[in-house]
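As structure tokens, the structure follows; a few thoughts come after it.
Letters A, B, C, D and E mark the chains as written, and numbering starts fresh at 1 in each.
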Amino acid sequence: MTAQHLRVDDLACERGGRRVFEHVGFTLAPGGALQVEGANGAGKSSLLRLLAGLLDPAGGTIDNPFAVAWVGHEVTLKPGMTLLAELHHWARIDRRSAADVDAALARFDLSALRELPCSVLSSGQRRRAALARASLSGAALWLLDEPSVGLDAASRARLATTLADHRGGGGLVVAVTHEPLGLDAPQRLRLGE
Amino acid sequence: MSVFIGLVRRDLALALLRPGTLALPVVFFVLVAALFPFAVGPDARLLARIAPGVLWVAALLAALLPVETLVEPDRADGTLDQLVVRGLALELVAAARLIAHWLGFALPLLIALPVAAILLQVPMAVLPRLALGLLLGTPALAALALVAASLTAGLRGGGALAGLIVLPLALPVLIFGVGIAAPGALRLLAASSLVAVAIAPFAAGAALRGATR
Amino acid sequence: MHRFANPARFLRIARVATPILTLTGLICSAVGLWIGLFASPPDYQQGESVRIMYVHVPAAWLGSGGYLGLAIASAVALVWRHPLAEIAARAIAPVGALFTAICLVTGSLWGKPTWGTYWVWDARLTSMLVLLFLYLGYLALSTAEAERGGGKGAAILAIVGVVNLPIIKYSVEWWNTLHQGPSIKLTGSAIAPAMLMPLLVSLAGFTLLFGAIVLMRMRAALATQQVTARARRLAEAHA
Amino acid sequence: MSVFIGLVRRDLALALLRPGTLALPVVFFVLVAALFPFAVGPDARLLARIAPGVLWVAALLAALLPVETLVEPDRADGTLDQLVVRGLALELVAAARLIAHWLGFALPLLIALPVAAILLQVPMAVLPRLALGLLLGTPALAALALVAASLTAGLRGGGALAGLIVLPLALPVLIFGVGIAAPGALRLLAASSLVAVAIAPFAAGAALRGATR
Amino acid sequence: MTAQHLRVDDLACERGGRRVFEHVGFTLAPGGALQVEGANGAGKSSLLRLLAGLLDPAGGTIDNPFAVAWVGHEVTLKPGMTLLAELHHWARIDRRSAADVDAALARFDLSALRELPCSVLSSGQRRRAALARASLSGAALWLLDEPSVGLDAASRARLATTLADHRGGGGLVVAVTHEPLGLDAPQRLRLGE
């Protein structure tokens, strides 16, 4: 039998009674990456929500055998909590160790900020924290909504290598973006054409 | 299970209930109890008589105060999304939130009880019964507040209003609560709490699932 | 006004003042309490329980006096942005709250034998209770603000609270008070000199101790402030 | 001036988007009123005696319920920044918010008053006086709630913290309000409302300025 | 006499008791643009807040004779309100006409969405709304924090032309960004070096 794939077939999406897109289909193998592009409002985030099971399809099928890590537009950090406490909380839910947390912090150069309350982090530092949370979740399929937004050059490089490593380990990436992410040879999907 | 405990711990931490800061709500309740002598006058006999009512008002207030911040922030900032994506049942999340909410207001209330009793001139003999009544009844209040909060999360207009419809259900609990002298009242309190707590996580979970869509 | 603005100078002065205040304070309160508790006559109607007075009354005065200090410090912090004023206010609050609590406890302990109850809703008792609540409100708010990284809220609250104090005092008119009125005045006190003397001595002692504790807390606050700042710089240096 | 009216209109519009927020205090108010007859038993004289006090405490606590959503959202989503940048005095903003809050919280309460009064068996003759008292006193409550909300914006433990701040300051209002039978009490009530309303915008404004920093 | 300038001299910034940057100074003439760059956490947003008067300098002076339009990291739209209601509200405060609102909506291609509640707008649509609000404020000095974040290619082009028009009319722009904004010949300021 063949390895498992993420299979999406003839997918249609409605938001607020309006058909946002339809006839979207693709297949993604382990190690693969899909880069989703399109104008504002084309339905990129909606597609990600469908893949994550956060939204019900208006038509078509999604066959996703993989565990999912989610980085949406919101960074989802509680202001009062320290960065470390936040990551530990999610790591516990994902059954990951403290070592994994430290590794993720280091991966996005956040180690020095670990004790700061999230309310004082800068926008890029927050985004990096959200990426760190996904990278330590251990999930195979990463769903990233404009992951490079607000990142400085160094962090974008880190993101690129992190994504490459993840794919190297057989992980899958579906990333929405308006600018290159440094994914090598990604499949491309343009919505709203 | 450890995940569940983790959720409760987290909710408590977010609800300011890091060990030590329990003092704040305790003082708050003493303060609420202290309001009534100002309002109805210093007559000791009168105070002792309305004392159960006063305490249950405090309980109701504490249960309702966070209704708007109990789940809505988690919807708005994507916390619910993160939980759903991890395959956690929202019923589980709701149950954890219920426990945390109850611990967050009922515990301080019970701690404040003795002081409040002195201020309200409640005979010490009555105290245990009052405490028992609160202990048995407050879970129901927490459950109703949680359901209301979940129903209103993310909704505006009529929907948000509809969420409050569950709150009048608190009335029977309050009535049993202040009537604990009556025979069987304690059993009724316990029963209504059991029912409310059993149903709430599922009602809230369903409501939350709607809110993330 | 700004002579003490610079923490270094303040620290120098405080380092000298603290032990002096502590020592004299301990001596005075010890003497006052000893005379009060053992070497002064029992009250002709209240008997031995009157001895509580030597703790109760100073505590009461320091409780209310402390809040005044708190409000003044807060005002200075708000108006002149005086660096030490806020620290002073945050140092005073818990001490004042403590003395207020002592007054309440000793008072209600005194109440049991004299009035036959721990608590009555009497104007003065009530007003003192409210004062305690004001203290606690200030404490809660200032710590919460410190958590966020500063703010004017607590100072504002302290000042607004002072506006409320006289109003609370006038609440006497809504209740007939059980508590005795002022019997100690600058001229012609209605209290036996044998009782007045130890009372004043222990009052002086408590006041000195109050000052000593506040100074200690201020020094501690300044120290931690510097430490955390340094730690922050180190952490962020390689961020 | 037109800007000021615009701010009030806007605040009201936003409040109407979340009628749950408006209804919550009313629900609480009525629940409390419904609770006390059971607490003190059928004795009508006794009930009538405590009724004004109960209603006032209920009103006071009801004013606290929306405290966590009164200004914090505007701080979190940058609305305050936008206003400051436009050179609007935060005192003005606070004043507008105060008016909107009073309209949104006191009016529903006054509408609910007859129901509550009936539940507490208040003789209809007394009702107008009670209503007048609430009408004169609630502005002070709204003002205090606004100040507390501004002081606690973005801080942990919003509700209890705000309560701890408001309740001691609210005591005079409560005392005057309950004593409306006494001569001149109404005047005192109006006076304290005037003072509170006069000071609140400045206190709240200063607090908000701190919160935007 | 010469035209008025935005003058910043030896500016220092502290957040949470920590010195974020110091010795920052520049002068911006009408029609000028300053592009602020630097790593995450370098203090770019803090600098903008200082310029906007939302933060007090720890040292140095800011001399700003101009009215300010602010686009921060937050988009500041109330979920329940329609896009049109939001812009009208701010336009009223800025004493601008309904025509100005329509023009701004058209400028960022939002006219079709005017009746939608802001809660349903996509991230890029929201960001465009925030830009539209600034562009109709009539203020001379625009302070923009990563304005191009989440915008599609077409919207970035619109942003660039809008900025050019604003400068052409004697307006000033201070923009924080991690990527080119299409400003022509901007002054550059790199923080955190």
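Going forward, a contact is a pair of C-beta atoms (placed from the backbone, for glycine too) under 8 Å apart; a residue touches a chain by one contact, two chains touch by 3 or more.
Predicted model, so just to flag it, every value in this text is computed and none were measured.
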Longest centre-to-centre distance from chain C, chain (CA-based): A
Most distant chain from chain D, judged by the mean position of its C-alpha atoms: A
Distance from chain E to chain D - Cα centre to Cα centre, in angstrom: 37
Gap in Å, rounded to a whole number, between the CA centres of chain E and chain A: 28
Separation of mean Cα positions, chain E and chain B [Å, integer]: 45
Averaged-CA centre spacing for the pair chain D and chain C, given as whole angstrom: 32
Overlap residues in chain A, where contacts from two or more other chains coincide: 73, 80, 113, 119-120
Contacts with 2+ other chains: residues of chain D: 17-18, 154, 156-157, 161, 164, 167-168, 171, 175, 213
Of all residues in chain C, the ones touching two or more other chains: 133, 136, 140, 147-149, 236, 239
Chain A-touching residues of chain B, taken from the complex the two chains share: 2-3, 6-7, 10, 13-14, 76-79, 81-88, 212-213
Complex interface listing, chain A residues touching chain B: 52-56, 67-70, 72-78, 80-81, 85, 89-90, 92-94, 137, 143
Interface residues, chain C side, partner chain D - complex: 78, 130, 133-134, 136-137, 140-141, 144-145, 147-148, 150-154, 156-157, 160-161, 163-164, 167-168, 171, 174
Complex contact set, residues of chain B against chain C: 23-24, 27, 31, 34, 37-38, 41-42, 44, 47, 118-119, 121
Touching residues on chain D, where the partner in the complex is chain C: 147, 150-152, 154-157, 161, 164-165, 167-169, 171-172, 175, 179, 199, 203, 206-207, 209-211, 213
